[in-house]
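Next, two complexes with chain A in common: one pairs it with chain B, the other with chain C.
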Partner chain A sequence: MRIKKFLVLSSLIILVLTLSLAFTKGALGHYPLPLPGVRLLASWYLFTTLNPQYPVFTAMSPEAVTAIVWDYRGLDTLFETAVFFLAIVGALALMRGISLKSALNNASNRVGDGGLSLICKTAARLLTPLIIVVSASIALHGHLTPGGGFQGGSAAAVAPLLVLVIFSVYFLLSKGVSEKPMLILRTVGLVGIYLTALAAVLIGLFTGLNAYVFQNQPKPDAPLGLPAQISGALISGSLLFFNVFEYLAVAGGFTLVFILLSIPEEVVKSFIGGETHE
Partner chain B sequence: MGFAGKVSGVFILTFIVYVVFSGSITAYDLITGAVVALVTSLITANLVVSNPNKLFQVKRFGWLLAYSIRYFFVDEVRAHLDVMRRILHPRMPINPGIVKIPYEVVSDYAMLTIANSITNTPGTVVVDVFPEEKAFYVHWINAVVTEPEKARESVSKVFERFAKRIFD
Partner chain C sequence: MIELDTLTYLFMALAGVVSLIATYLAVLENDLIRAVIFSALQSTVYAILFYLLMAPDIALVYIPVAVGLYPAVVLFLIKKTERSEGDLGGAGGGSE
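Our next item is the complex of A and B:
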């Protein structure tokens, strides 16, 4: 025991000493900071992200990360979202036709049975609405402070996950949080994201003005753009809409996957097992 | 009262949490907060509240405030000092054991208040609860007594008195 402790302690000390020696001798290269050229790019983003004096470049959002994610490189984020939802489509395709509906009617799966202790259940009852409002705040302030649609949606999915683990998946389903409503929520979110991306173009079609896909603020050759403010409140044009719809899509998508993952193996087998076995 | 009472109770709670978490009070925060709190309270009202009449009895909030002050400034401090003494003492005088502690409150939230108050003070942790027996099983760093009633006297008597007045 004593030797083990000594070995653990000495290896930690050696690690710290080696790392500090390596860093002081320049193990990170001669530029511990990013190269000057890279830093120039960062300062350019910070300079333009909320700068009404340069209407050509600005995204009208003080939160540079969200501005980059949904405006400067919005197309990239759109395809990231598409990849995430292809994964969910894959999960849905694998589990097609398998449903917990029949098991829900089974008497042994009655709501209220099973789950964790009454302490956990009572605390979860109180925490569920608080998780939802905090996650909504993360999404709705994504263009102002760190956070955004994906972060908020992931946090929101914790609420059904808590209920699923602490009560049971059948309790969640009996409250109406089942596959179909979550699929609808996810689809509404995705449709919203695509409509937001096309908003300027759609308006341009009717007004005959030039506009771009993923356009946020007006540009010199495309005078259309989404409003940066609504009666004094900064909404940063398309960024707020992207965040809200991404929030719905991610919250719905994650909840859907959690429900699919919690289908017991016996239920899956009862659907795909066939009749060849006794 | 009924459903509207439940919704307004959850609405006020969620709205306050939203504004506090957002950290600013502009028109944008208040409007989005009201919308979010309304939707959330409509969805979760039946899950969170079972007796909305209690939400409108101001005396309960007075007891809640009194308990918060008493719990954080008296019970927590006392428990921390006790456990600190045990840790720093050269002979580490601990006498750990699991004791059964009964409770008499009726509502779930009162039970939760007692359980969390016991767990949150250093030295005592609720291991499990048996609602049928109306008893907690508590791990106690210094289990001086094992008879349920006496253990309750020294571990959870104060918590239970307040929890009963706040939630029952």
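Our next item is the complex of A and C:
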């Protein structure tokens, strides 16, 4: 125990000292901490992100981070999304064929029973709609203010998690939030992301014009592009669609994993065990 | 009068020290549920750090992950194993 304590403490101290040494020796430039000002690369993105006079570079979004995530570096984000959903596919494959439907019909798992106290339940009833609204606004305003699809989706996933912990998984299932609808939500989100990425190319196929995968705004050699505005409201072309579909996919995916994780061990064993199942 | 930049840097240093202490406690704690709470405290401090480093996008995704999703996943997993790490410590699993 004493050796463990010494090892943990010394490794933490060595980590802190190494990092401090690296920073004071110029790992972040000539200053030990990031400057309050703007670097050259950042100023280039800030200059072009909402600048209709430079159609080659602009993403038509005042939010430079979302513009970088889904336009300038869109392909990176696509593969990040793919990694996240491969993890969920793994969870689904582990829990294949296991369902809570049969346990839901058991009299011992009545929906109203169990869960935390009345105070917790009332607070959760008030908070859950608020969380959904805030998360939707984070995702829908992702191209205007800090936020975006992943941020909104992970905030939205807290709402079913709260219900799951404070009421019970059976309460959540009885409200229609079960594996299949969440799988459908996640698939709709993923298909939407792929269609948005290919939108300009698909239009180009029919009109015979040149277009690129992940194209947002029109370029000189590819006149197609998604509209930056709809009746005066800035939607920043593909960014709004990417954010909305990512929101659906992430919220659905996280909720799906939590429902799978909350399946009681006995139910899982009754499905895996086969013959011992009564 | 302290300048705003100095105040920000001081607050960052304070947040860093808190996260370091929380990490130390989380690693040494034998009760896994308390370890998760220390770990969640550390990630919450990181969310504040991201905000002070002018990355509000990362802070927005870090708050639900640090406070809600990450402790929940680990708590679900602890529920499936044992709550205490036991005296054997780093002896590893594998013995049935």
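Just so it is clear, the second predicted complex is superposed on the first by the 236 of 278 C-alpha atoms of A that agree within 3 Å, B and C clash if a C-alpha of one lies under 4 Å from a C-alpha of the other, contacts with A are read in each partner's own complex, and residues count from 1 in each chain.
The rule is simple: a contact is a pair of C-beta atoms (placed from the backbone, for glycine too) under 8 Å apart; a residue touches a chain by one contact, two chains touch by 3 or more.
Note that this is a predicted model, so its numbers are computed, not measured.
Trainee: With the two structures laid over each other on chain A, which partner does A:V65 touch: chain B (first), chain C (second), both, or neither?
Mentor: In the superposition, A:V65 contacts chain C only.
Trainee: Is A:P146 touching anything from chain B or chain C once the two structures are fitted on A? First, second, both or neither.
Mentor: second
Trainee: Looking at the overlay, what does A:A136 touch: chain B (first), chain C (second), both, or neither?
Mentor: The first partner, chain B, only.
Trainee: Examine A:T128 and indicate which partner it touches, taking first as chain B and second as chain C; both and neither are also allowed.
Mentor: Touch partner of A:T128: chain B, not chain C.
Trainee: Touching A:V16, do we find chain B (first), chain C (second), both, or neither?
Mentor: After superposing on A, A:V16 lies in contact with chain C but is clear of chain B.
Trainee: In the overlay, answer first, second, both or neither for which of chain B and chain C A:V201 touches.
Mentor: neither
Trainee: List the residues on chain A that touch chain C in their complex, please.
Mentor: Residue positions touching the partner: 1, 4-5, 8-9, 12, 16, 33-34, 36, 65-66, 138, 146-148, 150-151, 154-155, 157-158, 161-162, 165, 254, 257-258, 261-262, 265.
Trainee: Once bound in the complex, which stretches of chain A touch chain B?
Mentor: Of all residues in chain A, those touching chain B are 117-119, 121-123, 125-126, 128-130, 132-134, 136-137, 140-141, 145, 175, 231-235.
Trainee: Which stretch or stretches of chain C touch chain A in the complex?
Mentor: 5, 9, 12, 20, 23-24, 27-28, 53-54, 56-57, 60-61, 63-65, 67-69, 72-73, 76-77, 80, 89-90
Trainee: What part of chain B is in contact with chain A in the complex they form?
Mentor: Counting only chain B, the residues touching chain A are 10, 13-15, 17-18, 21-23, 26-28, 32-33, 36-37, 40-41, 43-44, 47-48, 108-109, 111-112, 115-116, 126, 128-129, 131.
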